[in-house]
Amino acid sequence: ESGGSQSGSASGGKIALLLPESQTTRYEQHDRPLFEAKVKELCADCEVIYSNAQQDQSRQQQQAEAALNNGAQVLVLDPVDGAAAATIVSLAKSKNVPVISYDRLIQNAPVDYYISFDNERVGQLQGESLVNRLKELGKTAGNIVMINGSPTDNNAKQFNKGAHSVLDTSGFKTVPTPDFFTPEWKPENAQRFMEGQISQLGKDGFVGVYAANDGTAGGAISAMRAAGMNPVPPTTGQDAELAAIQRIVNGDQYMTVYKAFQPEADKAAELAVALVKGEKPTTDRTVNNGAVDVPSFLLEPQAVNKQNIKDTVVADKLYTVEQICTQTYAAACQAAGLT
Amino acid sequence: MSGAREPILSLRGISKRFGAVQALTEVDLDVAAGEVVALVGDNGAGKSTLVKVICGVGPPDSGTITFAGREVRVDSPHAAQELGIATVFQDLALCDNLDVVNNLFLGRELKRGAALDEVEMERRSGNLLRELAARIPSVRLPVASLSGGQRQTVAISRSLLGDPKVVLLDEPTAALGVAQTAQVLNLIERLRDRGLGVVLISHNMVDVQAVADRVVVLRLGRNNGEFRIGEVSNEQIIAAITGATQNVVSERVARLREQTSGDDPLTAGGPEGGAR
Amino acid sequence: MTDPVTDPAVPPPTPATELSTPKEAVGGWLQTLRTGDIGSLPIIIGLVLIVVVFQSLNPTFLNAFNLVNLCLQIAALGIMATGITLVLMLGEIDLSIGSVSGLAAAVLLVTHVNHASAPLLAVLIAVLVGTLIGALQGTIFARIGVPSFIVTLAGLLIWQGVQLRVLGEQGTINLPPAGTLVRWAQFSFVPRWLALLLATLVPVLYLVFNLMTRRRRSAAGLPVMPLWLPVAVAVALFVLLEVIVLKLYLDRGVPWTFVFMVLIVVFFDWLLRRTGYGRKIFAVGGNIEAARRAGINVDAIRISVFALCSTLAAVSGVVAAMRLGFANQQSGSGETLINAIAAAVIGGTSLFGGRTRRYAPLLGALVIGAIANGLELLSLSSDVRLIVTGTVLLAAVVIDALVQRSRTSHGR
Amino acid sequence: MTDPVTDPAVPPPTPATELSTPKEAVGGWLQTLRTGDIGSLPIIIGLVLIVVVFQSLNPTFLNAFNLVNLCLQIAALGIMATGITLVLMLGEIDLSIGSVSGLAAAVLLVTHVNHASAPLLAVLIAVLVGTLIGALQGTIFARIGVPSFIVTLAGLLIWQGVQLRVLGEQGTINLPPAGTLVRWAQFSFVPRWLALLLATLVPVLYLVFNLMTRRRRSAAGLPVMPLWLPVAVAVALFVLLEVIVLKLYLDRGVPWTFVFMVLIVVFFDWLLRRTGYGRKIFAVGGNIEAARRAGINVDAIRISVFALCSTLAAVSGVVAAMRLGFANQQSGSGETLINAIAAAVIGGTSLFGGRTRRYAPLLGALVIGAIANGLELLSLSSDVRLIVTGTVLLAAVVIDALVQRSRTSHGR
Amino acid sequence: MSGAREPILSLRGISKRFGAVQALTEVDLDVAAGEVVALVGDNGAGKSTLVKVICGVGPPDSGTITFAGREVRVDSPHAAQELGIATVFQDLALCDNLDVVNNLFLGRELKRGAALDEVEMERRSGNLLRELAARIPSVRLPVASLSGGQRQTVAISRSLLGDPKVVLLDEPTAALGVAQTAQVLNLIERLRDRGLGVVLISHNMVDVQAVADRVVVLRLGRNNGEFRIGEVSNEQIIAAITGATQNVVSERVARLREQTSGDDPLTAGGPEGGAR
């Protein structure tokens, strides 16, 4: 038979961690080290096989095959495309390897567990924060420029759906129609799009900007500042990148969505180690993925703005105050009470 | 020999312009079957351009081409081949990445079922080249590695493969050795005897005098005289080519004759002096 | 100064002997081996080195399971590389193949899943879409004269747009997990006996054809290779194939998709080298003016080659979709294009046209596939992975370049 | 048959007259215009058509604000396209320019922000990294003989890996929002008086140089163009520049980054066409063997061109980062590479080497920039946007191809 | 004229192999200053290969090159140029994408400050070409659009630009018209008179007899005799080239003489018969 069963001793088990991309910092810089650390802590001689699919589903399939070949006993799979990862699950099933659907839900497949923040919830959260902020500023109507993620990324569609569920009933109007999706999530593309919107609508033609993540938010903000808008209208983001936190401190970006990677990674590691040891942990919730009700651990994403930076990302030790408050942002930090 | 006979190929009023350069102006040309017509002229006179007009590589701006009594449009090399016009180009036009056999049979490969019949092509190539006294180390060498004369031999052999009715040879012997030149001249005579029409472009008056029946002179893209071999001296042809009786060639001859006082250096070495 | 001395060592100049003495023939063959058709050897050495390195870094690399995976992984790549090889042979480029493969995948899924066409019909439609696209692009290139780079760059964008359109709201469409298509691409393997039979037949047939040609050549009075050569090649081939097959059948065996890809590579190799059509492609790529003057319909060759390339890209997209079990907006995007061209070039296809080595797409796909596969086993972080991939890729080709270089300095 | 008749209409064959009768000289110049150097006209027509179409679809297109944005948007692209034009002139390719630009951006940010280097020093280091990379890649290509496609494909991967490494944990690094670099790239505009002065000086200088050359030519007995031609060009240039400048100063004005890009394009155009070095690049791209036999150090040319290309890619990356205000892992990825090559090709650079039109990178960047910019104003869904982009791109080049084609059928 | 004089260029034991083809075997060659050496031989004899050895384009496998009394390594065209060796290649080696002026001055452009001095280069090009009776419509045409002879004239002019000490001419007159050929022969004589060493490769015995001082014969890559002009007949040279006294050339001459019964067609047309 294959190499899969050759090295499968119970204690020194192998756990595969399959992550989808490296273009945003979170996976390589947070999820992976956190996960690996937790596994080490729980099971000293367990080994983590790590792969990153660089946004390419077929590569992820290849990586899953490689992991199984390497003797992985659990797949912790964050699919590039949740709707498309069923093949990997069936491959794993054929080798009796359990699959944990990590961060993104694998659809239409007999997945064993699901740990995540809900993508649609992220979109909702962005929409809610934006609308609340606008109301705070005394605005009840106007255009919101919407900058979505990549047109070829299914997750971008889910963020978009969540955001629309809030914005469409808020009294504000999203522009343009149809929705703009940023090719490749590239900040440069978002920047150029925003510049076009400013020419189109005028600098006073919109009240806020919905940007799907921090990269596109950064591009949009640069466009607005270059057009001479200062301060810029409230702008959303996602991922809690350090650069975004700094922009928030500086008052350029209004908010970002922080998905606390630590609890998510820790939970996944616990679960994986348990599965290696042959245990079957139970959960209190299930999510239907089209095929089965998947036992699930659902974590709540958090909106981060100038007010709660200290209580969220700093408290979680994601960033230290020194990291955030470099010389450039020292004054703004002072003002925001970050010291 | 010819003259009265019906021409197989007949051009009337051919003109062609490249941007600011008027390469051909109202040129006429007749070739009869079984006749060798030498087309001569100075560099840039338009000889190669005329050849390209006939063989469909560079169709004329105006003028008519009559082939075997019918007016034809030769707007592609393929059309010319269909008519039975074979050409050796001055710039050879071989595929450097293909070997000798493949260049010879390019466009008219021999088949064996769906695949090529390499064995038969190779055999025939060998025979064909032997006929022209070619010195080619192997017919499986890419033509890129052949010497100038070897390439020219390949190009000449190529033109004989398709059983043509008219053969256009644009300076076919320019790069050939003495033996190979003699073979090509022999070959031209054989072609004439088989009833083909041959157009030979050459700067070598000895060769022209040796094999041509008629000489057509181009000068600055226009017809500048036509002669029957045997009724004309080299001096007269050269005068028509250069457009003056007093020219650098006659001057050079005169000067050398003076220096060597009577012992004409150009024909020194006995009666074979003329053979190149 | 002196009288002419006819050197007695110089052989008589009868051309017949110059063309066919057996000694020179062998010399000529050795020459060919040293110059042109040594061809694929350096890249095979590169491949062996890659295998050795990865195997020493992770012993699961040469597992039967992993080798079967490798076969499955490179099927789509090899097919696409075969298509682009044809275009590169013309000295042109087709940037649209990735998008075309993605569109074909989308069309397959939509017709098969959403419109419930029979599997074969859906495949046919998807492939036909590729053919039409290729013919269109080829025509714009050949007839209007827009550089192929621009035509196919426009294609890259346009067909990706169409792909998004075809997939529509759904974004991702799954194939029925137990359907014919998925079964064929993921779970169909050549029966062991058949694989062993094929592994025996191939060298035998090679030998038989070789001996037949040999006979015809001697009958025609042409030089022939020494007899031991085809025999040695056949034996080597036999041993290699048997070892591989036996190894693969420790796991699932030889996938049909892999066999399919190899057949495509072999067929197009035959087409290029043994048919008039292929010869014309060589000629157009080598010297387009010479080809035109030889009466070749250059436009027809160009259009047909672009059509073939797109067709193969579509086939590749279909195979990839069947193997993945779905198609989505990303099918065919990203590195698909560059990997296919890289495979062709690594295998020995010149970007300047007119030159390619035997089975270039297969060898190139093996190199790229092996690198990707081997690296997956090493659990590297993204940055290191990228750096290592680039370095190994370069290293695999450097051997080839060095051999070429020393050859050039010896005169070719 | 007849005696030779010397045609009286034929001019006497003294070569002197053939080379320089004024009539023929004008003919020769018209010829040049019709054949080679009409050059950029068709693509300018394409550009005008694009502008007309977009303006009619959305009247904000020709807004001063939008035009200023367009200038800002194409600065980085134009610089990168200038670099790749040099490589394309050799008939080679550099796939690594995107990665190099991304790496340069990362290096700039890390040195400037994390290690607090002075802005100029940081820029210098980033650009130098590009130069070194180019020299390295060029050397591997020229000395070892690895095809440039493969060397730079390896580079594409390796430098992207290094970029990730350099950016490290943070992933995204902000430039100080009010710092020198951001200010220069986003908020620095040429003062109005200076812009107007330049817009006047350029045509005047053009005319002066032209008349000086004219004088030298007649002194040397060479044919000269008719006098009205440079005057007409200068007047047209003057009007065009004034209109554009006046228009742009309805908004912020002419950005310095744009001026910087134009200067780079003009400088390299001059380098290519008016210096011995550029002539050598033409020669190597046209016929490498002829260049070698003419005693040109082909390796040195190749290495230096790759170094220049990477240097410009790094400069482009720096400009892009300054304009964006930050750099992340995506800097330089995706369409950066293909857009740069496309700009060069659209502008009239041949992928086969040895041929490029005047100011090709600028014109190409304008076409690509205008299409992208115009489409942003139209609110299209992603699929339609892709399709339209591809179609417009193709359409912009078709005019050029048609002109070329009719020209070829007239003999060139 | 020469012979006793110290040779400026001297090759000893030059061998070169291309794969299975032994192109040169132990070839010797001497050229003195002020001497014209004709290098003759059949197609594929190795003449062009020898030229490429001398000018650094294709360095030899073995053998020594002595230039002006010093043994030198000529491993690049640049090195040959530094020594003062100029070459006209049989395959011309021009850049098709550049115009005539740029091809002429390629690698030795005239400068004016940092930029090229186009005006001066154009002026000199015109003069240079006029000297060779070139018929070139405009020196600003790309060489791709020139006729065969025009290209050859450009290549010849090119070689004269660098003030060389030795000039190698590989079939320089193959594509030239009668007037241009005469000019090139005049030119060769002028070069000799200026004290340059000239190596002339030609298949045209008339030209060889006209300008050469000495004839060196190559056959199948080996030295096959050396003659002083004036002491040798064309027949003898041809015998050394083809390796037999009874050969296709003499046969052809004999046959034609028979047919036309005494009226030798090769020299028909008066004493100028020898001029091409």
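As written, the chain order gives the labels A, B, C, D and E, with residue 1 at the start of each chain.
Note that contacts are C-beta pairs under 8 Å (C-beta built on N, C-alpha and C of every residue); 3 or more make two chains touch, one makes a residue touch a chain.
In this text the structure is predicted, and so the values were computed from the model without any measurement.
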{"item": "Required minimum of steps from chain A to chain D, each step between chains that touch", "value": "1"}
{"item": "Reaching chain E from chain A through chains that touch each other, fewest steps", "value": "2"}
{"item": "Most widely separated chain from chain E, with each centre as the mean of CA atoms", "value": "A"}
{"item": "Pair of chains whose C-beta contact count is the highest in the structure", "value": "B-E"}
{"item": "Maximum centroid distance from chain B, chain identifier (CA atoms)", "value": "A"}
{"item": "Separation of mean Cα positions, chain C and chain B [Å, integer]", "value": "43"}
{"item": "Rounded Å distance between chain A and chain C, as computed from the means of their C-alpha atoms", "value": "40"}
{"item": "Gap in Å, rounded to a whole number, between the CA centres of chain B and chain A", "value": "76"}
{"item": "Length of the line joining the C-alpha centres of chain C and chain E, rounded to whole Å", "value": "46"}
{"item": "Set of chain B residues in contact with two or more other chains", "value": "18, 20-21, 42, 133-138, 141, 145, 242"}
{"item": "Multi-chain contact sites of chain A, meaning residues that touch two or more partners", "value": "22, 28, 151"}
{"item": "Chain C residues counted as touching two or more neighbouring chains", "value": "13, 24, 28, 31, 164, 382-383, 385, 412"}
{"item": "Complex interface listing, chain B residues touching chain E", "value": "18, 20-21, 41-45, 47-49, 90-91, 133-138, 141, 145-150, 153, 171, 174-183, 185-186, 203-206, 209-210, 230, 232-235, 238, 241-242, 247-253, 256, 264-276"}
{"item": "Chain C to chain D touching residues, read off their complex", "value": "91, 93, 95, 140, 144-147, 149-151, 153-158, 160-165, 338, 341-342, 345-346, 350-352, 382-391, 393-394, 397-398, 401-402, 404-405, 408"}
{"item": "In the complex with chain D, residue positions of chain E that touch it", "value": "55, 57, 76-78, 80-81, 87, 89, 93-98, 102, 106-109, 111, 114-116, 119-120, 122-123, 126, 129-130, 133-140, 142, 145"}
{"item": "Residue ranges of chain A in contact with chain D within the complex", "value": "22-25, 28-29, 151, 175-181, 183-188, 191-193, 195-200, 214-215, 218-219, 221-222, 225-228, 241-244, 246-247, 250, 252, 326-328"}
{"item": "Chain C contact footprint on chain A (complex, rising order)", "value": "1-4, 22, 28, 32, 48-52, 54-59, 61-63, 65-71, 80-81, 83-84, 86-87, 90, 108, 151-154, 157"}
